[in-house]
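You will see two complexes here that share chain A, one where it goes with chain B and one where it goes with chain C.
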Partner chain A sequence: MSSATASEGTLSIGEIRTGLLGHSSQLSMAETVRLLDLVPGEQVRHAAYPRAYAVSPQRLAGIDCFMPSRSGRHVRGVGTFATRATLTGGLIVQTCSHTTLVPSSRQYRREWSHYLATPGVVEYLGRLRLDDAAEGFAQAENGHLNIEMGRTAESTVFNLQRSRLLDGKQPLHAPLGRWRWALQPVRDNGDPGLYRFTVLPEGTRLIRLAVVWPDVSDLLDLVEDLALHDWLLDFVSRQIERARPGSGDLDRTLQHIGPVIDHLLHHWMPKARVQPGLYGLWDAFDRFQGLTRQWDLTINRIRDHVALNSLRLVLRTESEWSGLG
Partner chain B sequence: MLVIATSDKGGTGRSVTTCNVAYRRAIQGDDVCYLDFDFGSPTAGAIFGVERMTHGTQAEDGLHRYLQGKTVTPGYVDIWSESRRPPGTGPRPTGAGNLVLYPGDLGGGEFTAKPEVIERCAELLLLLQSQFSVIFIDLSAGRSHAAEMILTVTAREKRISDTRWLVFHRWTRQHISAAADLVFEERGLLEFGHLFGHDRDELRRRIRFVRTAVIDPKIDQGLLGLRPEQEAWLRQVDKGLNEQANIAGLGRTSVIATVPVDPVLQWREQLITDEDVYAEIANETTVDAFATLAANLDEPAAWSRL
Partner chain C sequence: MTEPELEVDVLTSQPRVERVPRSHLSLELGHLYMEDLLDGPQALRRHFAQISPWAGFVRARHPAPLRVSTCFLVDDYFSQVASPKKLVPELLEAAHDAGLGIDYLVRESACACAGDVSPAELVLGRIVSDPPRGSNGLRPPVHMTGWVSNSRDRLRPDGLDEALATRPWRPPEQNGARSHSICMEVQLWDEPDGRRRWSCALLSAVWQLLRLGLLRHQGKPVISPERWTGEYPDRWEDLPPLVQLADGAQPFAAFQTVSLLETRFADVEAAVRTILDQVSIDPAVTEQTAAQATAQKVDLSDDVVGRISHVFSDGL
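On to the complex of A and B.
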């Protein structure tokens, strides 16, 4: 994986897209591995437990541009960002483009072989204020504009969706979840800090976290897991809203709720691929955003409605029978 | 579902009707996107009330550029959060689905349907199909490369299977015969479709006509202040047009909607909201026509065999 480590003076930033594969059922592990085989000669890592999960090898893209900045400072950075795709439960696809900004030891641009030796790292030339860069990237609405990692993440979803392995007969249409994040390492003072979580009007999530953790690849797993569960909750809540439970329109309720029960509910498994040492951060986020509490409410609501509607159907059938008699 | 809007002549109200139908369909609960393939004049931004892209996007990432390979992903606009029409639309109404516009480029112009362009188009539609339950494509008036491209993609890519064509025409002699030509005559939709690999009858079953700006002498009498002589004359003409339409293959069974003439649409092409109806600016019958067409897009009765 990425050889980057997060230490003081560095900042990890990235964008994640979460969506559903255009396929009628979940892919088997063998199919998943074929789908995610993005780089010839490199392995797709996969695991069956605690749930089906696979991650593609990373693709690199070179950049030489100004680093993000809230205050409008122009600090140049040169290096690469990496993009990987993951498939969870043979159905939920995530693509993540990310890079780690580190100070350069020289004040000039070096040959590409130097930057290729540390994939997924951008060296900044000059004085970069990390707070300012993190804020510019993951707190400002147009923070993505300098380094368009989101486009690359999104075009990777484009590529996956057209794969011949997919039949295009998806039972559910789900919008892409868009996350833009910045992770700033801090000195260990015991308490993981959550800086900022913003939802833009069109739905993009911006998140800034302070972390005490050296391994960028573990952090990616964490952010992807958060993004996945946030997307899942958002989508399932929207489906319920759309089903208009209680409106008396049983067909409509079934049409929207049915596929959710069939295909999505069982994918809720917080922290399934997060390092135990990072559970605290997941929980801190969950405390603020109430993901789990909302999810529990939502699930109970779905079950209650299914139960209630079954009851209604039984009663209706009974009254029809007695009407016949 | 892919809904393709086309017309032979300009000024049929194709774009404004399609935008309104997309808006209604989103309110009915579907995730909807709208692709502005009217490469000559991409005006969907204006109709949806997105001020920064009244004539297509300026961000150099519109659909023209995407299809030509000049950007890896096309730009998009979330209508609920960006539309100024109605003012302060604000967040999505409860129970409504997403409503997303993929704009054309400012000054994009036409282009040719080269193999790589067709490939990119298929890729885009497959991706959108996984995210949206209804994809609207607004083609330009007349025969266009965009229409050829869509016919080719839908013939080749079997995974884009549920396609419906809406042909818009006004309720006049010229418009009726022009719409009939666009579908049935030489170099028409059916002939080209067949050439690109569609089954002619199957394609025919996927085409419906939409009559726009239709005056109903009964209902519109008060509105237009018609004299009895005018009303009688209108009825006469209406009868004649119906006969012409029947002969041309645009008869009642192949019509999916009739959109009445509406002062709001005559003066400004825009979304008509329920508030406009409450404020009595727009007619309820217009909104009904949009909502019914939106619901009928996948209503089997509206698409039963001819």
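On to the complex of A and C.
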């Protein structure tokens, strides 16, 4: 795990991709461990409760480039970002590339092994305006990202999907969910903290938080959990639209709703991997975005629809029987 | 209502890495190519006589109770000219005559393959390339190119390619150079007959990491010493990868290493440092090693390259 600790003058940024594994059934834990072997010889961590969940070791990439900025400022940074992959319920794959920007104690680039001693940290040389960097990365539509974490997270998903462990016959075709986030640690002075959530026209979610929480890897778990549930809600809602309930086309409805019931609904488990101290943030996000309310509505809609159709079938069968008599 | 205090362990399986016992220092008493051994026991005697004063100096800097273990690497990877049956007793005798004891003997091929595990593959998977200025995270990975470099890729107008020859010459540029550059490009393997042959530089980098006790496969050390007491076999592959030659030897792995080598190895060892500069250690192993060092009041450098030293000498 990242050993980075958030403190003042630092900014943690990252990109998450969420999608469905290209496989006909849930992957067993043994297969999951083989799939997530991103760093040979290093261990994949996993848990069976409250649901199957596994995290790969983190792979590093070295950078020496300008830091993100809204205004186009050129502040150089040197270090590494880390990429990890997780599998939830043997089916939902997430990759996350992330790093923590910290001020350098020198005004020049140091020997490379210095940066490898603190993995997942980039030291910036010069004056970085944290707000400008955070806005450029995770608030403005046309900010200068400069670090290619999104493409790395995405290519990691694609590489996983090409694994020989997978049969490529997924029950559902889901688009990749894209999240970009920036977390600024703040002093605990009772402020509610900054919170900005933006959805770009092509669907990418941008989230900016200012939080009182020292451990970056806990925050990573939180953001991944938010991204997973947001993606799940978004995808299930789309499936319902495609199913066109009420159109009378039962086959179409079953084709789109059936796999959702079989494979996805039971993965809704908010905060399953979030530290209790961060529940408040999850709940605040939920309050603003109404994830749970929408989910409940969606689920009820599916259940009502299934119940209604069952009733219709029963009536139809009865009338056919009576017609015979 | 007050909230109950809850402690939630979200992951049941934290990475567990096996701890290896460590000496304070791993002292390498030389490294010989098989060809060197063709000159017979005299060459060995000459070698040990040359390094003996340096060994004495290093030992004096680490008096008991500080723990020092000694080791010797035999190249059985690139060629096999002498059998262990003949070589090992000669080696031990020559060292003994120079007042040196060898605690551990390692076969270089063990750095390429030790049982089911390839330590070289493990290290390759841990290389994080030193990024030239402007790198934003997208570079061809080292496992595809087979090269590590400390500098910006350069253009070589060597006259063979007209397109290249017309472009102006651009100097190479060392990453993070303060004023002037020293550029290294290190080949990690070739494939002369379709099979991968690791370079001496990569195997020597593996060797340093084994001595530092920093390599694990699924949490377990990749090689462990095996005591050998009987007659030495005819073939090197019949010998364990890491042979313990002396009873009561201090642990093989150590917090720091020093290698006493002839000057002709300076190039290879500079390449080793270039490689090690780009190897990221399993964070769980890093953490455990740091805790072990703190408990034993050892001042340990955070970066791996800071833990290895060399003495190059052709005799004074």
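Just so it is clear, the second predicted complex is superposed on the first by the 317 of 325 C-alpha atoms of A that agree within 3 Å, B and C clash if a C-alpha of one lies under 4 Å from a C-alpha of the other, contacts with A are read in each partner's own complex, and residues count from 1 in each chain.
Methods note: contacts are C-beta pairs under 8 Å (C-beta built on N, C-alpha and C of every residue); 3 or more make two chains touch, one makes a residue touch a chain.
What you see is a predicted model; the values in this text were computed from it and never measured.
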Clash or fit: what happens to chain B and chain C when chain A is overlaid?
fit
With both complexes superposed on chain A, which partner does A:R73 reach: first (chain B), second (chain C), both or neither?
neither
First, second, both or neither for A:Q161, with chain B first and chain C second:
first
Now for A:L176: first (chain B), second (chain C), both, or neither, which partner does it touch?
first
Quick check for you: in the superposed arrangement, does A:A61 touch first (chain B), second (chain C), both or neither?
second
Chain B versus chain C as contact partner of A:H46, first or second or both or neither:
second
Of chain B and chain C, the chain that contacts the larger number of chain A residues:
C
With both complexes overlaid on chain A, does A:T152 touch chain B (first), chain C (second), both or neither?
both
Using only C-alpha centres after the superposition, what angle do chain B and chain C make about chain A, to the nearest 10 degrees?
100
May I ask you to decide whether A:G203 touches chain B, chain C, both, or neither, giving the answer as first, second, both or neither?
first
Looking at A:R244 after the superposition, I want to know if it touches chain B, chain C, both of them or none. Which is it: first, second, both, neither?
first
Quick one: is A:R129 in contact with chain B, with chain C, with both, or with neither? Answer first, second, both or neither.
neither
When the two complexes are placed on top of each other via chain A, what is the minimal CA separation of chain B and chain C in Å?
7
Identify the overlap between the chain B-contacting and the chain C-contacting residues of chain A.
151-152
Provide the residue numbers of chain B that touch chain A in the complex, in ascending order.
29, 31, 71-73, 78, 80-82, 91, 94-98, 122-124, 126-127, 129-133, 158-161
Show me the residue ranges of chain A that touch chain C in the complex, using the header's touch definition.
1, 3, 39-43, 45-49, 53, 55, 57-58, 60-65, 76, 78, 80-81, 97, 108-114, 116-119, 146-149, 151-152, 221, 272-276
Note which residues of chain C are touching chain A in the complex, please.
6, 8, 10-17, 117, 121-122, 125-126, 128-139, 150, 175-176, 178, 215-219, 276-284, 286-287, 302-306
Residues of chain A that touch chain B when the two form their complex:
19-22, 151-152, 154-155, 157-159, 161-162, 166-170, 173-176, 200-203, 241-242, 244, 252, 256
